[in-house]
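Some structures are shown below for you to check.
Presented sequentially are two complexes of chain A, the first with chain B as partner and the second with chain C.
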Partner chain A sequence: DSHTQYERVGADVTMKCGSMDWDAAVTWTANGTDIDESHLNGSYLILKNVDLSQSGQYSCYEGSSWHLKYQTYLRVGTPPKEPVLMCRSNNYPKGFYCSWHLPTPTYIPNTFNISVIHGTKDMVCEKDAIPKNRCHIRYLQLFSTVKYKVTLTVTNALGKNFTTLTFDEFAIVKPDPPESVVAKPVPNNPRRLEVSWQNPSSWPDPESFPLKFFLRYRPLILDQWQHVELSDGTSHTITDAYAGKEYIIQVAAKDNDIGTWSDWSVAVHATPWTEEPKHLTTEAQITETTSTSTSSFMAPPTTKICDKGAVVGSGAMAVCWTAGLVVAAYSVLFI
Partner chain B sequence: MAAADSPSAALRRRDLCSRGIRLAGKMRADVVDLLDAYVEQQGLDASASVAAVEGVPLAAVERWDEQTGTQRLLENLAAYRAFRALLAQMLEEQQEQLGEADAGLGRALAALLLQVSAFAYHLEELLQLESRGIPGEEGDGPPPPPRLSLFEQKLRGLGVLRELAQWAVRSVRDLRQLAKPSPAPGAAPGLAESP
Partner chain C sequence: GDSWGIFTFLCAALCNLPALPALNCSEELGAGQSIQQTYDLTRYLEHQLRTLAGTYLNYLGPPFNEPDFNPPRLARAERVPSATVDLDLWRGLTDNARLAANYRAYSRLLCYLRVLDGQVGTAELRHRLAHFCASLQGLVLSIGGVMSSLGYPLPAGPAGPPAPPGAHAAPNDFLKKMDDFWLLKELQTWLWRSAKDFNRLKKKVPPAVVTLRLEARGF
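Here is the complex of A and B:
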């Protein structure tokens, strides 16, 4: 006859071999392995100060016949500590959800029971299939000043515990972070980055319940963030980026009127537009260029024909000067 | 409702709604500030639960999303008219109890009363635009309630301000619903008659 037995960590456990007398000759096994006689008191098995590793199947056999007389599954665990409970509305005004967990494991099965009261009214929190430690409630009323009281009780074979949360409708509103954040350089603008994003898909009605946004950005090489708050729209152009530096950008959302800011969105990286560095040109290339172009051949101010990194060695200056002279000569020809 | 559907009426409605949203937003910010000052100066506990006070219009509503535009306007108007009377009463009580310390509170209450009156008027304009008759105000209303103790007055004041703060948020939401373009006549809520 087999059953399960739950015991606390550190407890002393005594197992009887079913209906066998104290002085009967028996053999105990733990998970199929014989247990040393030193743990026996007559036919009783004594386990002192049990720990988690002693969980398992314990069986008792009659001495000579090896008939199985008793079997139990020992599960060593702890009573539950006070659970951690959180409630949030990321889909206002539809409803809210509560989720919970235990701060430390009990190592044995637990059942959770949640009750939600609004004033004097009991509400049903429908458990989600996945994840298991979550339930959701639809708002029956909006704009109520009456607080909600949520009590979560956790019970297992060794004890129970509970926690309570009290809050009002507005306080728990926290949208999910904005989605699809994209940051792109702006052509011919070395200090700009164009950022766009979308409302979180869990927010049911952004037209009636608009969100406002908070953008933060910094170059990877610096620790300090720049912040911009935007009361509408789902895009923004950064105009003070450091040229050529890679940026990290994130966006957060909040209902325009109530609640708290979402977590930051997934970070995106972008580098502002930079001019392609021009390589050293040969005489032949310049001739070819000037014969086909109609405008005067003057290098634009940001273009360096002699890029600092492109030429190496002691002959560098001479090479640069030569190229510069050639350009100047042809410019004069075509004025 | 031909008048409501004309382009100029639609524009006017949208304009009134935007202004109303800004008014309600400012009103809410001021109520929240006033609530903090009120709690402190009246020596109340900010987390105290105040039972629903008689005569204070509750912002709480079921099936809010199913309301028609007209319902929204009428409920809002009734509420702000009630708040107008309640704030006037609070101001009167305040002046009776007054010490110097409360002068700022009195001024803030008076400013809020002005905003509430302005908002009520704004709602009347919106109702007129919908060719809706503006409901008359009920004369002097029911007989004044029995005189409350000082502490009861303070608690009721807390209830009034809290409920007004909720209404201010609700009004913003209501006006946003109203500002949405009207669907085809006879269809879902907006400013059409409810089915």
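Here is the complex of A and C:
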């Protein structure tokens, strides 16, 4: 006679040796190891305040004959806590998905049951194979005034729990982050970076449901981000990058009119074009970094080419057109 | 009983005002520009409605101002035009049908809102409602302008004869408030839907034609 028995952590468990009398001589084993007689009350096995480590196979043998009289698999666990449920539409207007998990493990098997009610209608949320704790629903109607009510019930041998989410169709729209974000320097432009990206592939209809984008960028050495919101197009040129500094760039997407912003895309790094070979630039950067990162960082002036700030990173071969012209002018005069 | 009769009369009077003929400027600006303007108007109105609805629902009191309030849709609420539509049907709408649906919906919603305006208690609410109605009227005219510039006929006034007095009167205060709640909800949903409707229309009517006309007019 063998079965599985579920008990709560901290409970007191009494196991009877099948149909044997209380005063019968028996031996209990846990996972094959004999159990000390101190745990026995007659032929009953008493486990007080059970913990997870006491899960296992318990067997009861008749004293002299060593016949197996009873066997049970003890699984110690907890009843489920209130599950965490999230629903999101990353493929509007096709539908939405819900995913869930338990905040703490129960250590025993759980079954999840999800129900979706739209007004008076029951809808079927089709379970996904992967990932497991997820199901999806197709919208039958768009622009609904009636809320969706999703109830997730989790049950195991020790108890059950549930949680409910109620939302409007529009409230859960959140696209996936933009894909294939690429940032490139622009030749001969030391303060520009060209960023391009693509609509998330999960967004089914960008023509009728256009996305808008939010770009953020900063040089690695600073903490503060700069932001640009773009109402259309999947590219943008940054024109105020600090010369020679490595930048970190991310993009997020949102339906033009409804819902919330996506998570930030994978970050890309890029450094604006500089004229110098790399090793000279690095030296100049190090000197510049140590001297200016401690002081208030001012934008290098954009008008005077020969100014120290803009020349940083150009090294010895300073592109100093004004000075060059002046020299050229004097040379001409003296010829 | 009597209040419904007044309501019906008001509705008939307000709604059968001759729809202003498409303003001449809209034809000059071209459909593309008008569509963009109409789109912008729906966004503006949606923003305005958020404040108005908040104030109004607080005026109605609980449970109407609770965020989780999710009542079943009673049959009587069907008279307010619904934005809800089958997905494939919505996709397949012709430009004319799409615009006409918007035009009819806002005309009727405007009608109901104007009646509300007359009944509401506080001065602040009356002021907000009046402002909103004026903007909504602007939207109706804007949609009419787009339709005219594309050569579509404007839909006729509210469909069907006015209901007999007492037919739809809310039997009690609570049901009257429910009606108001659904009116605001449908309005909100329509504004969200219109943004999508006008997005689709924007793609269909190229703005290139508009730019030429604007330059010709010396803008």
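In the analysis below, the second predicted complex is superposed on the first by the 276 of 335 C-alpha atoms of A that agree within 3 Å, B and C clash if a C-alpha of one lies under 4 Å from a C-alpha of the other, contacts with A are read in each partner's own complex, and residues count from 1 in each chain.
Going forward, a residue touches a chain if its C-beta (ideal position, glycine included) is under 8 Å from a C-beta of that chain, and two chains touch if they have at least 3 such contacts.
Predicted model only: the values in this text are computed from it and were never measured.
Asks: According to the stated criteria, A:208 is in contact with first (chain B), second (chain C), both, or neither; which is it?
Replies: Both: A:208 reaches chain B and chain C.
Asks: Check the residue A:258 against both partner chains and state whether it touches chain B (first), chain C (second), both, or neither.
Replies: A:258: touches chain B and chain C.
Asks: Just checking: does A:149 make contact with chain B only, chain C only, both, or neither of them? Give me first, second, both or neither.
Replies: In the superposed model, A:149 contacts chain C only, not chain B.
Asks: More residues of chain A are touched by which chain, chain B or chain C?
Replies: The partner that reaches more residues of chain A in the superposed model: C.
Asks: With both complexes overlaid on chain A, does A:120 touch chain B (first), chain C (second), both or neither?
Replies: Only chain C is touched by A:120; chain B is not.
Asks: Where on chain A do the contacts from chain B and from chain C line up?
Replies: On chain A, the residues that contact chain B in one structure and chain C in the other are 93, 140-147, 170, 207-210, 257-258.
Asks: Under the definition above, what is the set of chain B residues touching chain A in their complex?
Replies: On the chain B side, the touching residues are 25, 28, 49, 58-62, 64-65, 162-163, 166-167, 169-170, 172-173, 176-177, 180.
Asks: Which chain A residues qualify as touching chain B in the complex?
Replies: 93, 140-147, 170, 207-210, 257-258
Asks: Which positions of chain C touch chain A when the two form their complex?
Replies: 43, 46, 68, 70, 72-73, 82-87, 90-91, 182, 185-186, 188-190, 192-193, 195-196, 199-200, 203
Asks: State the interface residues of chain A toward chain C in the complex, per the touch definition above.
Replies: 93, 119-120, 139-147, 149, 166, 170, 207-210, 256-258
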